[in-house]
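These are the structures in question, set out in turn.
Shared between the two complexes below is chain A, which pairs with chain B and chain C, respectively.
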Partner chain A sequence: MSDLGVALVVWPSAAILLVTALYVFRTASMARAGLLLLASLGVEGLIFLALASEFLGALQLLMMSGEMVLMVFFMVMFMPDPGGLMGMDMTHDKRRAQAFAVAAGIALALVAVLTDWPAGTLNADAVDVRAIGFEVMGRSMFTFLFAGMTLMFTMIGGTLLAKQGGRYRVGAPSGELRDAGDEGR
Partner chain B sequence: MSAATPFAVVGVAIVGAFAVAWLEGVVAGRPSPVPVIRGVGRTLSEPMSAPATYDRWLFHMAPTLLLVAALVALSTVPWTPGFRGIDTEAGVILFAGALAYVTPAVFMAGWGAGGGLAVVGGFRFLGLMLAYAMPLAMVLTAVGAPAESLRPAAIVEVQANVPMAIVQPLALALFVPSVMAVAFIPPFDLPQASSELGGGAFSRYSGLEAGLVALSQRILVVAVAGMTAAVFLGGWHGPLLPAAVWMVLKTAAVAGLMLWAGRRLPRVEIDRLLAFAWKVPIPLSILAIGWGGLVTLLFYR
Partner chain C sequence: MISLPVVLGVAAVMFAIGVYGVLSQTNTVMVIMGVELMLGAAMLNVVGFLRYSWPEAASGSFFVLVIMTLMAVEAAIGFALVISVFRHRRTAELDDLSGLRD
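Moving on, here comes the complex of A and B:
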């Protein structure tokens, strides 16, 4: 793609990314919040594709869709007000939280703008590329695997908590599956 | 890729969608194409309408997202050595990535319509995604192994002598039900389930939007049948006939078999299917990746 073509994809995509990310926190509907997050991260995949990072872009599109749709699934399942029609407010300590968020945002933006990023282009067989490959597939792999397993156990645990009648014990299975704490009710 | 390629892909999509609609009639014992054309005319002459209370954005964006997902998936299918929409090194990942957007589109349609049965239809499809997404993506990496590439055209080239269906039959057995579930055709028609949910996730659409949903689903069938023909049945390879003819014949055969099987199987139950999927097909797809690696090391190097 030409430089103009790349710019025509990247900058509008970046704008959509930021606007949809902002609206994730402006909506009370769990379905909208999850799907806006998907829009934000999916558009990021388009940026990768436009910057000729084909594998990363396609993988970002694939993984983010699955993950964000699952998140919608879990949010609607766990939230007491999934549709956002009952005026649920999940924020607290607003003033300090806002001040911290603004300060952190400015600090990160300054780091991004003021850093002296390397401008050179590397070939596929450069030493650095090989080094990254060995780093990712070698020493760091244990960390990745551990993080992945932790996430999976969290999801399975959350599902198990949700399964036994949910937080209100509505329709809890009777008999041997009911735990001992229910005897006193 | 030339400037005409996008138009050619859209042409394949429209002609293919009509052919699939006609095939549906053929497997149901109604070989005449006239009802298809009449149905299109009837749908498009209806006015568009919306439910009384609904999520405006999600409801109206869903058919477009479904169509875009179907078209991108279709454009990754290699039809002949010289013709395909998008030719990238990560082609099968892009194929799976485009199909991954069918799930949010169907969920948006169901949730956006704001009716009980529609939401149930959307949610069932979310559940179905948990069953098909993992086998679909894992099997695609297994068939990429012999070609040492995720480019669909490279996977077709490596099948010049032996089709992948013979080398990796387990992968094919996992792939076909997965892609039928993505295209939500029977027996995986959980989101619409006309006999129990009365249209389900799509029950509130009418006119042009209903037409877009119907068109997108048929384009999905063309895309998944085309990709099955390309990565498992040798794609354009075949004696005597030209490359494009072989590809069209194989795609039509796969689509016809999928629709025929769908008419003869009862609709799956989502809870039983999920319990089965986590115990059998998902572990088997890990096995399929191992098998793909093994045959690559033994026969393709």
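Moving on, here comes the complex of A and C:
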């Protein structure tokens, strides 16, 4: 893709990414927040595609569409006001959070602008999906196996954590439940 | 046009929004969303470096794959913890889960 093409994709995508990311924490509706996060991370996948990382862009779009839809379900299940119709304020310590976020953003942006980063030229024989495939089967195989094992242990651990009674089939400690009617659940 | 500082700048703003979400939200699921944004910013940084500094480095893509794995793991364990806590407390609000602090 030409430089102009990259700019035409990246600038609007970056704007959409940041606006949707910001609105994730500003909207009252939790379903909407989940979909905004999906839009934000999906548009990030488009930026990956424009920056010549086609494999990572496609992977990002696939992964985030699944993960964020799941997240919407969880938000609707566990939020006290998922529709945002009761006008509940679900924030705390807003001022300090804003100050800290702005300070972190400015510090990172300054590092990004002021550092003299090394420059490389993207030529025709740059890394493609085939090269990534060879990398998987070569030097980075251990990393890839480790990521797979981590996912497997996460599935097992997550299921054990979430199942009724937890790993050792114990109930809630006494005094932890909000009311006695919850004891048998 | 687009250069590495532009990509890193966008990632910096995205990271800052994630930090704001993590620090300001009271619900565990929203905090997980903030962490996802922060990890997304880290991925954008790596892709920026891959494009503008080391375009010939195939191994760089694995940093992004590791971060994607981390995102999936963080969300799965986070949601499992939310389910577990919800069973006991009937809430996922962080302000109600201050037992260790008290």
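One rule holds for everything that comes next: the second predicted complex is superposed on the first by the 120 of 185 C-alpha atoms of A that agree within 3 Å, B and C clash if a C-alpha of one lies under 4 Å from a C-alpha of the other, contacts with A are read in each partner's own complex, and residues count from 1 in each chain.
Here is the rule we use: contacts are C-beta pairs under 8 Å (C-beta built on N, C-alpha and C of every residue); 3 or more make two chains touch, one makes a residue touch a chain.
This is a predicted model, so every value here is computed, not measured.
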Contacts of A:Phe48 with chain B and chain C, given as first, second, both or neither
second
So, does A:Leu59 touch the first partner chain B, the second partner chain C, both, or neither?
both
On the A-aligned overlay, A:Ala147 touches which partner chain: chain B = first, chain C = second, or both, or neither?
second
Using the touch definition from the top, say if A:Ala109 reaches chain B (first), chain C (second), both or neither.
second
For A:Met137 in the superposed arrangement: first (chain B), second (chain C), both or neither?
neither
Looking at the overlay, what does A:Leu35 touch: chain B (first), chain C (second), both, or neither?
first
Between chain B (first) and chain C (second), which, if any, makes contact with A:Ile156: first, second, both or neither?
neither
Going by the touch definition up top, name the partner, chain B or chain C, that contacts more of chain A.
C
Shared contact residues on chain A - chain B and chain C:
55, 59, 70
Can you name the residues of chain B that touch chain A in the complex?
55, 57-58, 88-90, 93-94, 96-98, 100-101, 103-104, 107-108, 111, 123, 126-127, 129-130, 133, 137, 150
Could you please specify the touching residues of chain A with respect to chain B in the complex?
29, 31-32, 35, 38, 42, 45, 54-55, 57-59, 61-62, 65-66, 68-70, 72-73, 76
Flag every residue of chain C that touches chain A in the complex, lowest number first.
1-2, 4-21, 23-30, 32-34, 36-37, 40, 43-44, 47-62, 64-66, 68-69, 71-73, 75-77, 79-84, 86-93, 95
Touching residues on chain A, where the partner in the complex is chain C
3-4, 6-7, 10-11, 14, 17-18, 21-22, 24-25, 30, 33-34, 37, 40-41, 44, 47-48, 51-53, 55-56, 59-60, 63, 67, 70-71, 74-75, 78-80, 90-94, 96-98, 100-102, 104-105, 108-109, 111-113, 117-123, 126-127, 131-132, 134-135, 139-140, 143-144, 147, 150-151, 154-155, 157-159, 161-162, 164, 166, 172-173, 176-178, 182, 185
